[in-house]
Amino acid sequence: MKRLTLKTGVLSAGLLVAAALFSPQLHAAEATADAVNAYAIDNFFLFICAVLVLFMQAGFALVETGLNAAKNTVNILFKNLMDLSIGAILFYFIGYGLMYPGGAFEGGWFGFGGFGIGSASSEIGAGVLHPAVDFLFQVAFAATAATIVSGAVAGRMQFKSYLIYSAVLTAFIYPISGMWKWGGGWLNTLGFHDFAGSLVVHALGGFAGLAGAIVLGPRLGRFNADGKPNAMPGHNLALSTLGVFILLIGWYGFNPGSQLAVVGGDNTAAVMIIATNTTLAATAGAFVAMMFAWALFKKPDLTMGLNGMLAGLVAITANCDAVDYNEALIIGAVGGILVVSGIKLLDMLKIDDPVGAWPVHGLNGIWGGIAAGIFGGKPLMAQLIGSTAIPLWGFGTMLVLFGILKAIGILRVSREEEMKGLDISEHEEEAYYGFEIFTTQ
Amino acid sequence: MKRLTLKTGVLSAGLLVAAALFSPQLHAAEATADAVNAYAIDNFFLFICAVLVLFMQAGFALVETGLNAAKNTVNILFKNLMDLSIGAILFYFIGYGLMYPGGAFEGGWFGFGGFGIGSASSEIGAGVLHPAVDFLFQVAFAATAATIVSGAVAGRMQFKSYLIYSAVLTAFIYPISGMWKWGGGWLNTLGFHDFAGSLVVHALGGFAGLAGAIVLGPRLGRFNADGKPNAMPGHNLALSTLGVFILLIGWYGFNPGSQLAVVGGDNTAAVMIIATNTTLAATAGAFVAMMFAWALFKKPDLTMGLNGMLAGLVAITANCDAVDYNEALIIGAVGGILVVSGIKLLDMLKIDDPVGAWPVHGLNGIWGGIAAGIFGGKPLMAQLIGSTAIPLWGFGTMLVLFGILKAIGILRVSREEEMKGLDISEHEEEAYYGFEIFTTQ
Amino acid sequence: MKRLTLKTGVLSAGLLVAAALFSPQLHAAEATADAVNAYAIDNFFLFICAVLVLFMQAGFALVETGLNAAKNTVNILFKNLMDLSIGAILFYFIGYGLMYPGGAFEGGWFGFGGFGIGSASSEIGAGVLHPAVDFLFQVAFAATAATIVSGAVAGRMQFKSYLIYSAVLTAFIYPISGMWKWGGGWLNTLGFHDFAGSLVVHALGGFAGLAGAIVLGPRLGRFNADGKPNAMPGHNLALSTLGVFILLIGWYGFNPGSQLAVVGGDNTAAVMIIATNTTLAATAGAFVAMMFAWALFKKPDLTMGLNGMLAGLVAITANCDAVDYNEALIIGAVGGILVVSGIKLLDMLKIDDPVGAWPVHGLNGIWGGIAAGIFGGKPLMAQLIGSTAIPLWGFGTMLVLFGILKAIGILRVSREEEMKGLDISEHEEEAYYGFEIFTTQ
Amino acid sequence: MKYIIAMIQPHKLTDVKAALAEVGVRKMTVTNALGCGSQGGYTEVYRGVPSEINLLKKIKLEIGVNEEYTDKTVQAIIKGAKTGEIGDGKIFVFDLPECIRIRTEEKGNDAIG
Amino acid sequence: MKYIIAMIQPHKLTDVKAALAEVGVRKMTVTNALGCGSQGGYTEVYRGVPSEINLLKKIKLEIGVNEEYTDKTVQAIIKGAKTGEIGDGKIFVFDLPECIRIRTEEKGNDAIG
Amino acid sequence: MKYIIAMIQPHKLTDVKAALAEVGVRKMTVTNALGCGSQGGYTEVYRGVPSEINLLKKIKLEIGVNEEYTDKTVQAIIKGAKTGEIGDGKIFVFDLPECIRIRTEEKGNDAIG
């Protein structure tokens, strides 16, 4: 249940320079002691949830770093740092106003509510969110969407192209489709349900990543001439596992926080149920992915278990408010199967997605949307439309963007640079200076 | 002060298939605005504490990984991931109902309150916890108990046997003895005090680990033919240190959260005092363990300082609500001495516990229980009984389980597999692909 | 807005043995349900913020570890562990009473309010903090100040000297200058504004570190005979990046928590605005530092981006309550430029600060104080005085302390010990046992 | 018998191994090495301080062969490793008076393969 | 003088060192290596993709000895490393015309021990 | 031609490289190694258990040279590595019958430099 109310005190659209004038005003109207307490609780709640979601940046950075070669470590870490940094700045200036245009531009497809963050209303009470914390929570989501792509394009993309991509996604692509649902746009009008962003955040990122992986082509040596895939193992599964645990923790901000309020019996109950559903789906995803991969490949593969936990988390994100505990287990379990199958599918299609960004976020994002129809009682048709429109938007726009970057010749590094590793060739910096690393790999 | 009230809306025990019918209902009775706020605060408080405790899984994974050889990294990480995953699923189905049977089966030793999570009562107010968050908090504790063993049996146990152990512990062993105290069983009736689980969680895990270490026998090369111990140093003390810091952070959910409510002057004060006591005991444990080991071995040993901090945390867990600040320092300091002595003791007994799970959780769990008698003013006899009964239960049942696994020949890996490392032999996967590792070690 | 109220129930100064008598009392006066709720919220809020700040210890440990050579890893981790451990114990006994002397000793320069933590007042309500949580929050700040120095003196200082330094800083140096501002001392009287400690915490630590770096002299090989600097790259930038993300997360406790209350419309709004300002300054710092270093050195340097994020965070700390969003972006951006320039400046001065502790915390601490005058509307003269006095105090006292340690010959390790690395020579323990490490470096 | 030591570019190992297999040479020992040669090096800039890296990552291959294999082996290494660019590497050929297989204690020509 | 290079199983290093110490050989240089031989290899399956690992971890031992020690040294290595199973490793013996101790600038037989 | 293998103290590599450059030797291969010699070792105490570390970190240098460079090279290594203290290391000089530059397929004296 994302905020649909109009932005209060929306600033009229102006020039970027005008941004220098935006200063928040602090004036709280008289309110009862109860309302004051409730206002404090709800804003405090969303603040903590925003912090948890921001922590996910560390999780993504570690998962992706660990699942790639040591020679690309600096590059991946840097991309994640910049997803957040560029993302926060641009989402502040442009994205936030695009995603929550309020009544600024009528119409369900596109609108702009102005630069920066609106000033606070004088209202105080339960469920009233200060614009600053609303922004903080939203910007953390935007950075998440951006950073998903980082893993899919790892090991071969030029750093400056990545920065361009990241800026475009957080400033335009994500907020526009986000507005369709959470900004009160056409998908919302249609009755489409995406509680915390299986589609709006994850599938968008997952399909943007898929577009990137396709346009870039696979890493050198990932597929033989005859199409047989080669394993290119990650260099540090301890970091990846820590990353998944951090993501799990962050998801307790992502899903429960999307209730946007904890005060009020129903809100309190919803937050708690969402948290437990999230846990059950995550653990079912991890367990089932392990068992399924074990049956297929005859050995328990840690990376599949890790991807399975993330798959369960993505799958429950759209519907965690609408399903019961047992359904959460089923949704997570199916997520675990889907992610393993998705990884095999990409291998068959000769698409190189080093960390499984598409199977985790793309495929399971769609599954989460559909599951909200199957189990959550949401109108199935609306769910199907939403679960198609957003992935298509992400995939299509990014195909164009990556295509342009390719056409002007700045998308992919040279063969030699790729072999040397992006850390040396793009950053002239080693991540593990002093460690001896097998250089054939 | 764990929940002793009966589960509301307990479902009658049924078949597993029946589980598919459990759906939580959301109906909140009319309540005053104050009560609504208080309800939100207390549930929000426990939710955040549960998240902090869940974060401890990452802490355990890192501590254990870092203190073992690089060749067993994937195995250890995977065990921790599955402790949580299998644990959550089984605790949901079985363990939770066993631990909090309510009035289902009379008698202080064993009872079953039904599968799954009960539905919420219509009551709203301070101290009322939604079943979903209560479950979340409890399941995090169960996973903690399970994961303690992982370190003690590292480097030589078959993965599938570990999964069996983990399932049995979280589904049966932990909930049954947990019920004796927190479920309102005989230890509770006796007046035994274990505020947050020095015994119920830590000593149970620590002694289960000891049983595992004994039945498995030491790792190859850990003791010479003449009984002299050899050092088998950990491969990444940066990860272990990070793990300890994460555990410290997690403990702020573990201990303060066990107050189960923060609203009400006494509750608020108790939570804050518990948090400070936890801090003082942890830091005293780290400092004293360092100094004691420095005096004994003539050099400051980081791993002893790390174990010392954990020892202080375990020791304060049973009594953090009942002692004052200076007592907390003393309890932690004694913990620091005990952990160093315990590590030496195991060496003398030729028991191989690679991470010191027993000295940290077993020995200091008991110390925590006794300290509640000495400093916390709890009846000493009840403390002694509780501090004996639970360790014995954990040790005895696990001796049997590990004995059975050994008898059917699936407990330990072969000599060659152990030398190669469990990552290659059990998972066909390296944690640090590309890094050069000295293989003599 | 740090606490300026007098400590309630302050204990008269006594001998350390007397400390054994301090036990907190729990008696809550009758209060309205609203007040009880408000009391719970504010204390819960500060408790969570304290936990976040404590998490920063892990962040510092990782940043410093990663930016140094592998051979000094154990040493750095251990120093961080002990900063917290020794810090908490000594701040409990001495520092807290020095920093918040209440009316004990009149006069704005020095006072002592007694050992330990005062007992709680019977008051209950919004903004009333339990002494236990107030202590917890303050002790986390003290440990932060201490641990900043660890990075600046890395790789060449004797461990026992470091412990002496750490004890002196947390017991005396930090609390005394802290009292000038937050304890109601002369800087506070003057109207100096330092909201969350750009000066009180960061500049103090940064300048103490500078003193250490100067007295110790550079690491072997850091500067050639002709004064040309040599690069001594860090050994694990993945850990450093994780550390920066953890510090970012911790800062959401550091800055918003310094409001000390979230209940009350103005408090709620302030906390949220502070959180968003913190985010914007951090991200602007990271982005601008990257761009500026890219322009200067012709390549995007991750470590500069990381330092830039920290620089933005330090710079916004003093003024996050007093500036608007756009000003926060500017303050962070300037921080990003300052940190890169500061690193070059130290190279020119042949001062070896391995992690950039002074550019990040010292230089940007001062910038934060001045920015509170420029943008925050605080009296510029008071800001200049405060931004000079505290750095001078930290630098001066530490110059003396490090000078004494040098004079008695226990400051620096021998040439050979430094070459072997502190892990072997000071701790006889390797951090990465089994990994092959290029030893020429 | 001869003992051949070859320094090659890391990313050429796969090709060299394939070329060796073609001529029937399947036994070898591989180590990581750093090489200094006419290839120059590259500059890293760490925190604003440039530093010259002139030790480049190389693979060192060691192969003991019977006389009649010497030439084939050298040719195979060249085939797999040669690109014509600086840094391709070098082959050193030594006399090997004795060789023992530990498992069987066989000696000389019987032991080598 | 002779220069002995031996590739052995990593976990046999302790035994080989003990056996060498018995015959009075205490000076040596040890490196990590990857070996390819009749031992085959093993398969890793990473994310569903099987890959053949045929470079196995080995230890490379280098020992310079005086002529009269040559045989003792070879025998000691065999004693410590032999299990009779594939993968035990190999010993290569070279002529060593010259040896210099850097510390003293001694040469030849005096320098080697 | 000669092939020189030298084990030196890790922190002396820079000095040795500088000394070699002075006499015009710029091509070499460097590896990490562990050495066992008269230098003894040191004790680590891990969790109360002392363990003797007698394999110390060393750098192994390999240089192929033409005959006339042999002496200069040896002297340069000594100059750069010698401190007069135990552990300075050792130099081994081998005959090198053949050397091939992979890039050009040149052989012998032309290939080595």
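For clarity, chains are labelled A, B, C, D, E and F in written order, and residue numbers in each chain start from 1.
Throughout what follows, contacts are C-beta pairs under 8 Å (C-beta built on N, C-alpha and C of every residue); 3 or more make two chains touch, one makes a residue touch a chain.
Since the model is a prediction, treat every value here as computed from it, not as a measurement.
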Identify the chains in contact with chain A as well as chain C, in label order. B, D
Given the pairs C-D, A-D or C-F, which one repeats the contacts seen at A-E for over half of the pairs? C-D
From the C-alpha centre of chain B to that of chain C, how far is it in Å? 32
Counting in whole Å, what is the centre-to-centre distance of chain A and chain F, each centre being its mean C-alpha position? 52
Any idea how many Å lie between the Cα centroids of chain B and chain E? 46
Chain E to chain F: how many Å between their CA centres? 18
Would you mind listing the residues of chain C that make contact with two or more other chains? 34, 37, 41, 48, 233, 236, 242, 299, 301, 303, 428-430, 432, 435-438
Chain D residues touching 2+ other chains are 31-32, 34, 44-46, 58, 94-95
Which two-chain combinations touch? A-B, A-C, A-D, A-E, B-C, B-E, B-F, C-D, C-F, D-E, D-F, E-F
Which part of chain C faces chain D closely enough to touch in the complex? 229-233, 293, 296-299, 301, 303-304, 340, 343-344, 347, 356, 438
Provide the residue numbers of chain E that touch chain D in the complex, in ascending order. 5-8, 31-38, 55, 58, 60, 74, 77-78, 81-95
Could you please specify the touching residues of chain F with respect to chain D in the complex? 3, 17, 26-32, 62, 64, 94-103, 105, 111-112
Flag every residue of chain E that touches chain B in the complex, lowest number first. 10-11, 13-14, 32, 42-46, 57-59
In their complex, what parts of chain E are in touch with chain A? 34, 44-51
